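Below, subunit A partners subunit B and then partners subunit C, in two separate complexes.
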Partner chain A sequence: MLKRKINLWHILLLLVILGAILPILFMISNSFKTLRDSYGTMLNLIPLHPTLENYQLLNQQVNLLGLTWNTFLMATMVTVGKLLTGLLTAYAFRSYQFKGKMLIYLIFVSTIFVPFTIVMIPNYLVIAKLNLLNNIIGVALPQLCDATGIMIFLKTMEKIPNSLIDAAKIDNIPNRRIFFNIVVPILKPSIVSVGAIFFINSWNEYVWPTLILKDKASFTLPLALQNYISSEGGTNFPLAMALSTIMVILPLIIYLIFQKYILNSISNSGLK
Partner chain B sequence: MSKSNATIELKKISKEFKKNTIIDGLDLSVKAGEFLVLLGPSGCGKSTTLRMIAGLEEPTSGAVMIDDENLQEMKDDGHTIAMVFQDYALYPNMTVYQNLEYALKVHKVPAEERKNRIENVLQTLNLVKYKDRLPSQLSGGQKQRVAVGRGMVKKSKIFLLDEPLSNIDVQLREKARDEIQKLHVMNQQTIVYVTHDQLEAMALGDRIAVMNQGIIQMIDIPENIYNKPTNLFVAKFIGTPQINLIEVELQGNQLKLAGKTVIETMDVHLQSQSYYLGVRPENLHCSKTRVSDLSLEVVVEDIVDYGRFVQLLLVMEDGRHLKAIVNELAFETGDKVFVTLQQETSLLFDPTTEKNLYWGNYE
Partner chain C sequence: MHNKNKRFLPFLYLLPTAILLVVFLVIPILYTFYLSFFDWNLIAPTKEFVGLRNYLEVFTDPVNQKVILNTLIYIVFLVVLNFLVPYFISLVVKFFISKMQGVYKVLFFIPSLFSLVVGAMVFTWILNPVSGPIAYILKNFGIAMPNWSNSGILAITVICFITNWKVFGYNFILLLTGLGSIPKNIIDAAKVDGIPKWRLIWNVILPMNRGIGIYVLILTIVQGLQYVFTPINVITTGGPYYGSSNMIYQTYLNAFVLYKTGTSSALAIVTFVIFLILLFIEIRFVERKAKNYA
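Take a look at the complex of A and B:
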């Protein structure tokens, strides 16, 4: 039926896909194995004695719903914050002429190159002073603004023809309206794709939350997972795989739903 | 109801961009209900002038007055001025209907009236069946009509159009031009229309302002722009094929071309010196036989048949070229042709000031 020619590129791409998908299949299959099986037949993709006991055990040991909710809350706050501040800042850079604009923009962008380890301690001290330790808000607060978003949104906004903004100005449309009714809808594809990336990054975040969240009730999923792969939590491998599987579900769904947008924003700006 | 149009007056407007002067002390007044065309080559400042009238650019100095009120100090509710952009600038995320409705909605025009106005405009512009389409699903001509419609629903006193026809197909352009003309007759708004197309300007304008290098070279009715251009620039810019410009010598009442008298001038009191003689190609009288002693003998070098008229490229003895337009294909390449010039249909320009001298009789 399919008579498409297979060339070297296809084989290469297939290998890449395998490289990406195998670990995920491996993770899922092991999460359904018993501890004994997982040691004996770790590389088997189909479990010999499929079982749900890992998930049941996990459910007894930790508050799965609470963990997921914490993670979701944190990722949502960070994503919404980064998107809103990024869009507003980019619009300001796009629409207003002011002294030192270029300099301010460069300072903003250069923060991308400041390693997290440098700001970690000062941020921690501020959050501690604000009495936000063990609080999801404490994790999200320093991350509500991000220069990457500003840069990407500014680049996309620069592609919006000036005449479109001028047309709205002649009709005396207030700036707030121009922003929300015209600019934001045009930028929708890049907002969705950048937002998805922000969300997933935040969802998987580990180092910064471990500093702020000490109380187990405030843990996010990656923090809980750490307990199962450190010496402290023993080495129950299939249990860790089960938690990993749970952790990966939401990002995976987001990717699947928005993959059209994500690909779109990579291949074009959404205008035209 | 308030007046449907307004006067525009530009007082000593100047505009600089990064220390480059684009417009220098421009004065212009547009009458209420007038259709004024700003015509000029690209980069002449006509679009900048329009943008200053629109309030999109602030003049570096000078003032824009709308109905004797300073535009900068006006409290505009968005109803005074409407504008159509060259690239139409339709909101890509809104349908045709929403594009027309948006400004009215923001300015809280009552729903009933909003609906009436939009339906009306859609009908007038033949857009009813496209009202739910997005701009990306429209052709160039349709987009242009939506852009005009978006300006129309506002019922503004002033309507500004920035090269609205330059992005649509030639076949559609004439129809669109007629439509704009009709709308002006119907709505009686004050229109300022920017174009680089002289045909559009001649067809549409009550008056035409010809601009070059930020200065209005001439402002007058189309007929005078064509027949009585004030200077060489206007004479050359208007008319295709371009006006013939010939270096001539005036000696007493003898106008000489390469030593040979071509016109015996009447009632001319100008210094005997060299001038530029401007003759429109259709005013070069061509014949196979010598009409008078003043006829000039030339040779047909090339013929272009445009169907409606025939253009002859003529070469004079000294190698200079002339272009002539004749109604029928009566000549062949290589033919000897006698060209006769007439004072009434020729223009005389000063070679240094480049001004039209009107044969010394200033009007």
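Take a look at the complex of A and C:
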């Protein structure tokens, strides 16, 4: 009796998995179908006549390598920048007593409550003044302003015993060496997972590229994909699905490798 | 000398973050506040001071009133789809099954890895009223799929489902973690006493998980209203006739499509004030840790 009840719950959870995964499977499968097949055999998950036609066509229409490189470059800059500033800030919080600490902490907490719309116009004007419109650096800069990394690093740093850092200080080891030779190695798992999350988020970033990048040569992948979708229904879906498939490969690989770290970090970020 | 150096050191470490926050967050907020009292078009050399007129327009202009109402509808849909549903599922995974928890966690999270533009594309295909698979299946039952992008409320529903697809796994994991941090002996004691599971959850578990519950609820509203920007811009651009626009999207439209920075800034400030109220609730109920730094 009890066993049957448990099975019913698993059926519900299985439906949730289908809702999450099926759209992606359909997307990948249709990217390997011809336009005619994608209409005729819509619900076939395995293409009857698999073809690379869409990918070849896509490669003729857009500069796939350039798009991927732009996106990769932007995401890498944002990731490195946010990791460095986040680690330094969290270290200062962990190791020093100073005035205004609580106020600064609350400012960090509050950054996620700032809607991007309130900084949108001024940041656009600043990027334009710096002559960085249509430039990957111009899209990366406003994304650096984010305190989520600081919060996660702070939580992991608090687990480093005081005695370890004090001992190093007594031995007169300079701060910069304590930071790079003691703190950073201990934090390695959370640096890897936070870095992976930063990279994936920036890889998918849509708002700032929409505002800053108008010239097609400077586009990132999400902007290019948007050009293949129109509300009028005139969309060539297999082509859009091929581009989407290219877009999701890298985040999927990163997740496959660092899945345990990533999920742990997200769990920790919620524990207050 | 050495001592003085030490006192400056923490501020040196804070400097890069401080510069970023001041340049790209604090000054922009103040400047937007300033812009909200002027008429401007992003380009003209002069700005015209108009006092509180932009704010008046936010609350009296029929389009803006519609957008504010839409924002409320978005909030209700987002809370149900992105907070209540994942909360229910996390309770099921925590208390009603005993195996495969890890597998569910790993698989539920997968859509969170993908761009909302990808989500918008796939769901416009799945829900395409003429040639999509759902329309195809419904046709076999003799039902015609409504052209949802012509109806504001249906478009809002679809857009919320797209963000649900992306956010569900993320919120699920946060809530499940919260449930996991409730001491096991409390749950065991209730089991020994033979208290029914749903009463245990309602009377004990939910109140004990209140901190993270409120955190995810607030995050759902604050981030959700911004997440929907992407599918709105990709699928409906706010239409039909502002029917699927919300305050965030309208702020963008006013600034970069209609070139009315005054109305845009006033809308942004009003949104920010609403978010600040939510922030206050968050600090009051969730951020117990801030006291460590007092």
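In the analysis below, the second predicted complex is superposed on the first by the 239 of 272 C-alpha atoms of A that agree within 3 Å, B and C clash if a C-alpha of one lies under 4 Å from a C-alpha of the other, contacts with A are read in each partner's own complex, and residues count from 1 in each chain.
The definition used in the following text is that contacts are C-beta pairs under 8 Å (C-beta built on N, C-alpha and C of every residue); 3 or more make two chains touch, one makes a residue touch a chain.
Keep in mind the model is a prediction, meaning the values are calculated, not measured.
Q: For the three-chain arrangement built by superposition, which of subunit B and subunit C touches the greater number of subunit A residues?
A: Per-residue touch count on subunit A favours C.
Q: Have a look at where A:122 lands relative to subunit B and subunit C in the superposition and call it first, second, both or neither.
A: A:122 sits against subunit C, while subunit B stays out of touch.
Q: Thinking of the overlay built on chain A, is A:222 touched by subunit B (first), by subunit C (second), by both, or by neither?
A: Touch partner of A:222: subunit C, not subunit B.
Q: Return first, second, both or neither, reflecting whether A:56 touches subunit B, subunit C, both chains, or no partner chain.
A: Once the two structures are laid over each other on A, A:56 reaches no partner at all.
Q: I'd like to know which partner A:161 touches here: subunit B for first, subunit C for second, both or neither.
A: First partner only, subunit B.
Q: Using the superposition on chain A described above, determine whether A:26 touches subunit B (first), subunit C (second), both, or neither.
A: The answer is second: A:26 touches subunit C but not subunit B.
Q: Contact-wise, after the overlay, does A:16 reach subunit B, subunit C, both or neither (first, second, both, neither)?
A: So A:16 only meets subunit C here.
Q: Go through subunit A and flag every residue that touches subunit B in one model and subunit C in the other.
A: Residues 271-272, which sit in both footprints.
Q: Given the complex with subunit A, which residues does subunit B contribute to the contact?
A: Residues of subunit B touching subunit A: 51, 54-56, 76-78, 81-83, 85-89, 91-93, 102-103, 106-107, 136, 150, 154.
Q: Which of the residues in subunit A come into contact with subunit B in the complex?
A: That would be residues 161, 163-164, 166-174, 177, 181-182, 185-186, 188, 271-272 of subunit A.
Q: Quick check on the complex: what are the subunit C residues that touch subunit A?
A: Touch residues, subunit C against subunit A: 7, 9-11, 13-14, 16-17, 20-21, 23-25, 27-29, 31-32, 35, 42, 89, 92-93, 96-98, 100, 104-111, 113-126, 128, 130-131, 133, 136, 149, 165, 168-170, 173-178, 181, 211-212, 215-216, 219, 222-223, 225-226, 229-230, 233-237, 239, 247-248, 251-252, 255-256, 261, 264-265, 267-269, 271-272, 275-276, 278-279, 282-283, 286-291, 293-294.
Q: How about subunit A: which of its residues touch subunit C in the complex?
A: 6, 9-10, 12-13, 16-17, 19-21, 23-24, 26-27, 30, 39, 42-43, 84-86, 88-89, 91-93, 95-96, 98, 101-102, 104-107, 109-126, 141-142, 144-145, 147, 150, 175, 200, 203-204, 206-207, 210-211, 221-222, 225-226, 228-229, 231, 233, 235, 237, 240-241, 244, 247-248, 251-252, 254-255, 259, 262-263, 266-272
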